[in-house]
Amino acid sequence: MSIIEITGVKKHFTKEVCALKHVDLSIKQGEMVALIGPSGSGKSTLMRHISGLTLADKHSDSCIKVLGNTIQQRGKLDKHVRTSRSQIGNVFQQFNLVSRLSVLTNVMIGGLSRIPTYRSLLGWFTAEEKHMALEALERVGLKNVALKRASELSGGQQQRVAIARALMQKAKVILADEPIASLDPESSRLIMQTLKDINEKDGITVVVTLHQVDYAQKYCERAVALQDGEVFFDNLIHHLNEENLASLYGSQPEELSINDSSQTILNKMPLPKNGRITTEINHATHHSLIN
Amino acid sequence: MSIIEITGVKKHFTKEVCALKHVDLSIKQGEMVALIGPSGSGKSTLMRHISGLTLADKHSDSCIKVLGNTIQQRGKLDKHVRTSRSQIGNVFQQFNLVSRLSVLTNVMIGGLSRIPTYRSLLGWFTAEEKHMALEALERVGLKNVALKRASELSGGQQQRVAIARALMQKAKVILADEPIASLDPESSRLIMQTLKDINEKDGITVVVTLHQVDYAQKYCERAVALQDGEVFFDNLIHHLNEENLASLYGSQPEELSINDSSQTILNKMPLPKNGRITTEINHATHHSLIN
Amino acid sequence: EDMKTLNFGIISTESSQNLKTVWVPFLDDMSKKLGMEVKPFFASDYAGIIQAMRFDKVDIAWLGNKSALEAVDRSGAQIFAQTVDVTGNPGYWSLLLVNKNNTKINSVADMLEHSKELTFGNGDPNSTSGFLVPSYYVFAKNNVDAKKIFKRTTNAGHETNFLAVASGQVDVATNNTENVARIKLTHPDKYDKVKIIWKSPLIPADPIVWRKNLPESVKGKVYDFMMSYGKTNDSAEIEILEALQWAPFKASNDDQLLPIRQLVLFKERLKLNNDPKMAANEKAQKVQAIDDQLAELNRAMDAIAAAKTN
Amino acid sequence: MSDITANPLIKKPFNWVSAISWAVLFMLLGWGWNAAEMNPLILIKDSGNMLEFAGDFFPPDFRDLSYYLDEMIITLHIALWGTVLAIIFAIPFGLMSAENMAPAWLYQPVRRLMDASRAINEMVFAMLFVVAVGLGPFAGVMALFIHTTGVLAKLFSEAVEAIDPRPAEAVRATGANKLEEILYGVIPQVLPLWISYSLYRFESNVRSATVVGMVGAGGIGVILWESMRGFNFQQTCAVMIVIIICVVIIDLISQRLRKAFI
Amino acid sequence: MSDITANPLIKKPFNWVSAISWAVLFMLLGWGWNAAEMNPLILIKDSGNMLEFAGDFFPPDFRDLSYYLDEMIITLHIALWGTVLAIIFAIPFGLMSAENMAPAWLYQPVRRLMDASRAINEMVFAMLFVVAVGLGPFAGVMALFIHTTGVLAKLFSEAVEAIDPRPAEAVRATGANKLEEILYGVIPQVLPLWISYSLYRFESNVRSATVVGMVGAGGIGVILWESMRGFNFQQTCAVMIVIIICVVIIDLISQRLRKAFI
């Protein structure tokens, strides 16, 4: 049974920047998949598509389904995406904690979709919910900082709080974007083992972005590699070999493109004497929070 | 000749939170030192002390000197810290880019201390300065995104921009806080090699925080390990062995303390029925930007 | 209907500055005598009081002539009494002021002759003495438009205008006797810097109005109180009135407004005549309508004068 | 790797929109220089007059201090209720007029509604309420409330538009509904600014004289106004000192409160 | 690891300071309820009066539209200069009164100075400038300028206090001086908010009638005032529509501009 079903996803951020060229991917119930690929290859963008935080190009024939429910189709969010989202736990690459709230509250945010709205609006959490949050914090080794503000934590601690939040959510699918990037080896082991545990014992499907291929090899059976917005490799992880990896990481898409796109940018422009700082603030692509 | 000289540094964030218990450390001209240790052990805090962004406890007998100039003493910033800072290039763990400025401007910020104030205030950068910034970007493989806004980059790209900014500074000392955390193996190799190069060819002293011990072993001669705010190991890196590392990372300070500090916190409190969210916003330790 | 409270609206008119403290003893006496609570509202602008009276939210009010006119026409108000100046003046006068250092301008004629070099501080357009009276007697009668003949014309309150003349910022400005008298007391140095070049005909003293639909019993009680206050040889009452700068009240009625109505109509007529956009026949029609009203007013005033002499 | 120095440097194309905007601004300023009769020289030349005039305000005359304080309390009551009601309404309206919180069919009309409630003169609202509830402080409260709602909703919404979207996204990604996303992802980010705006408007409602004066509710602003009109500059000065102290206290409270949430 | 369920849950100690603050606020509101004569029932009961009164405003009378537009232009000039000058001064003063930018010996006095320039009535400033520069728009510009500086400096500084300190720290860590730190680390973060405040104050200066009226400079606010006091409510309505359109335009510009920097 396929639990994440991605078909024909394309994503242009601007006309020139194409983060995902064409991605088809299907992930089955209970799998633990490593998503790898060079920096800028589109891993985070793909993860954000799965939870419907970024929309694929309009008028493309794309479709993303999770647990059989449509998340987005042809660049339009599904109506019932909220219920689907509560089944998807996210660990963001930049943690995305609410820095002015306490660690405990940040973790309890993970459980919001389960409690009635009036209680969450009043900030009433039951004893059980607090127990659960503390338990999640204990799992990532942070029970003793529960009352600190999120902004006062070290980088690795913040990352672990983000993981605890995803655990708190008790989701059926976990998408973890570089969950061990800022962690020491022992904490990394702890986190990966935790993910493996919930994958094996509770049958939770886990997709995890990793830069450290050795961790991927140790904890995941299947690897999906992105390169330059396309699926470059999708197979059992033991098929990954030196050669594969060298050609996956070897030629940085940026380094390649220096000799085409940037060169042309450079050549088109007249030699300037100077530029004003204000003109260098780029015009925003507006970050819409709608939905 | 000792280029970074740290004596008797203690740091309490609050009465209970002691990030650095007592640190003495001396780093010599031209060294490339790996700073390792479990999450929350005080690595970032120590780095911030060296550039004078965080001040040690008042009335302690602490002193930090870089290149022979005092940075801070007894918890007070030196008057001439600005000149010293221009000699210290920082790569921050959370990148600390100015997200609304372009990548190029972010990199050129690294060169601000070299150009006259009137020019930097008008945002006039010369052709050479732009050349240099582009060169720094090229070194980290990002020349083609020079005109994007920093917030539009992927995590790994942002980290590399932060490194380019430090390179742009042409400092005598580089403090890099987990510069390869969000990078794929090939980019990591590229960055570490770049650091190694400037260390070897230009004689720049490099202190780099790393969680991946294998990288430390490959690129650095000396390792300093912090544990729970104290120097746990300081020696040539080949003296680091399985045993050392196991006892460094093995017992998480947090996990230990769950059974003392947090337990006592928990026991002291009455059994609550619920808590309001507003009461959970902790009172701020004010982030002063003075100096 | 049984009224328990009487809402009394009080505004700062041109002729006096209202301070709660001076009013409190008078209002206390009033509520004692009437046997009902008198609730004062000290408003800095009459617009609120007049609208409130329209919807029966205010029962009695002390207003200026121009504002009383609006209250009578729009809000079902009726004049029943009139204040009397403590010095015995039957009313007050509009003035034109000039700085003493300016020896060239000593009369309206001088002013009109040199008007192209002068800045003129006109009053608030809704002010009787600062605007309405001078625009009729000084300008309309001389067939000139204040907005056009001067180098610059500004509109401001009496105080600003006085200050501007005293410090030489404007050359000529409107004012009134009450305001100037107060300044003479409080700021003799400023008073010494200005001279008066023109004084208007008498403007009637401030009226006191009630709403017409007030129960007759209440009207009676209020009227009796007002008319007897200060006339019973009670020195305390006299003192209270003196603090308000008043002598005992006089009876009055809506006819007090007739000269003001006249001025308003003249002003409107002038505005019509100066309107370049209006078609000639429409203009003539409207001017005729105003002239009819003016004639009616004249007849009414003549009748009153005749009644008085009888 | 060294051919980079041969490259022409990166320069963004000339930004016509921004150049024209600046040109228009400067043209308007130049036009306005004459229209507004700007004349800094005379200001310097006649600054003696200012000194002389300012001298009239000293020494302040505190004889009626207790009266001023009484009126200040009335003013504070009116301003407090006007502001509190406005805050209660400005929160939903502000969120509804933030572009990153509401769809265009909602935020455009709400923004225009808020524009109108700022732009329609407070005196009109004051009169509107006077005819319903009579003269007195309540009409003042209502008029201040409507106007302040318009101002606060605008300021609130613009603070919301400037937030970091990532924490809010993280809350949304847990399947939380819109209200929860706002409460947990947005409010913590904007709270210090919202407190700042609310107290600023409270302060300016305390200072506001016209509305409160019009409805006959008295208050410190009216006293200031009248003492000024009566040339009692020494009293005016005393009243102003009372107001300044009050504003300083509100500002200090604002600083304390915001510090707790920054 | 499973003994956690046996633990009493974490609960912060009862927060006395916050409890007392809330209690005081509610007590004040309760007191103010009587003092401000709050009476929502009568508002509902007599809301018919409001409708009747509002009816007087329709249909709007646009006969003098071109006159209104002329006066609107004067108003815009005065407001533009007053606001632009204020922005120029509010930037340094605002930075100097931000707690995270300036030491206490600097920010405390500057904040108090700004408090005073807001609290001292605009009319006093207007008179002060009238005696120096004479009646006319220039005095109005100056009075608006001083008052607006006080408001903007406060708002600017509170936006600065709420920034993310990390990018500014990164700039400082390169050895940049204070000014560079502000320009590269602070301004980019606060620019959208600063634009929002500046245009809000521009808008409210356009609306402000009293000051401009007092110095005899005319303007749309004065016409509104006069038509209202002259009971020409249909004209008032027309003037208000002109003002509302102007406010909407300013608000749209504000949205556009901020979008470019968010």
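Before moving on, here are some points about what is shown:
The chains carry the letters A, B, C, D and E, assigned in the order they are written, with residues numbered from 1 in each.
Keep this in mind: a residue touches a chain if its C-beta (ideal position, glycine included) is under 8 Å from a C-beta of that chain, and two chains touch if they have at least 3 such contacts.
If you want to know which protein each chain is, UniProt gives these names: A, B = Phosphonate ABC transporter ATP-binding protein; D, E = Phosphonate ABC transporter permease protein PhnE.
Note that the structure is a prediction, hence the values are computed from the model and not measured.
Greatest Cα centroid separation from chain A: this falls to C. Across the assembly, the mean Cα position most removed from that of chain B is the one of C.
Of the two chain pairs examined here, C-D and C-E, it is C-D that is joined by more C-beta pairs in contact. Distance from the chain B centre to the chain E centre is 41 Å, each centre being the mean of its Cα atoms. For this pair, chain D with chain E, the centres built from the Cα atoms lie 3 Å apart. Centre to centre, using the average C-alpha position, chain A and chain C are separated by 76 Å. For chain D, residues that reach two or more other chains under the stated contact definition are 7, 9-10, 12, 49, 53, 99, 123, 127, 131-134, 136, 183-184, 188, 209-210, 225, 228, 259, 261-262.
Within chain B, the positions touching two or more other chains are listed as 94, 100-101, 104-105, 123, 127, 130, 138, 143, 146-147, 265, 271-272, 275, 277-278, 280-281, 284, 286-287.
Shared interface positions of chain C, i.e. residues touching 2 or more other chains, are given as 45, 47, 51, 54-55, 157, 167. On the side of chain E, the complex with chain B involves touching residues 7-13, 15, 18, 99-103, 165-177, 179-181, 183-185, 188-189, 191, 261-262. Residues 13, 17, 36-40, 43-45, 93-94, 100-102, 104-105, 122-127, 130, 138, 141-149, 152-157, 160, 178, 181-188, 190, 211-213, 245, 249-250, 252, 254-255, 257-258, 261-262, 265, 271-278, 280-282, 284-285 of chain B touch chain A in their complex. Contact residues of chain C toward chain D in the complex are 7, 9-10, 12, 17-21, 41-45, 47-49, 51-52, 54-55, 57-58, 157, 159, 167, 182-183, 186-187, 190.
If you check the complex, the residues on chain B that touch chain E are 51, 53, 82-90, 92, 94, 96-101, 105, 109-113, 117, 120-121, 123, 162, 165, 169, 263, 265-267, 269-272, 275, 278-280, 286-291. Interface of chain D with chain E (complex): residues 28-29, 31-33, 35-39, 42-43, 46-47, 49-50, 52-54, 73-74, 76-78, 80-81, 84, 99, 111-112, 115-116, 118-121, 123-124, 127-129, 131-134, 136-138, 140-142, 151, 154-155, 158-159, 161-162, 164, 192-193, 196-197, 200, 203-204, 207, 209-210, 224-225, 228, 236, 240, 243-244, 246-248, 251, 254-255, 258-259, 262.
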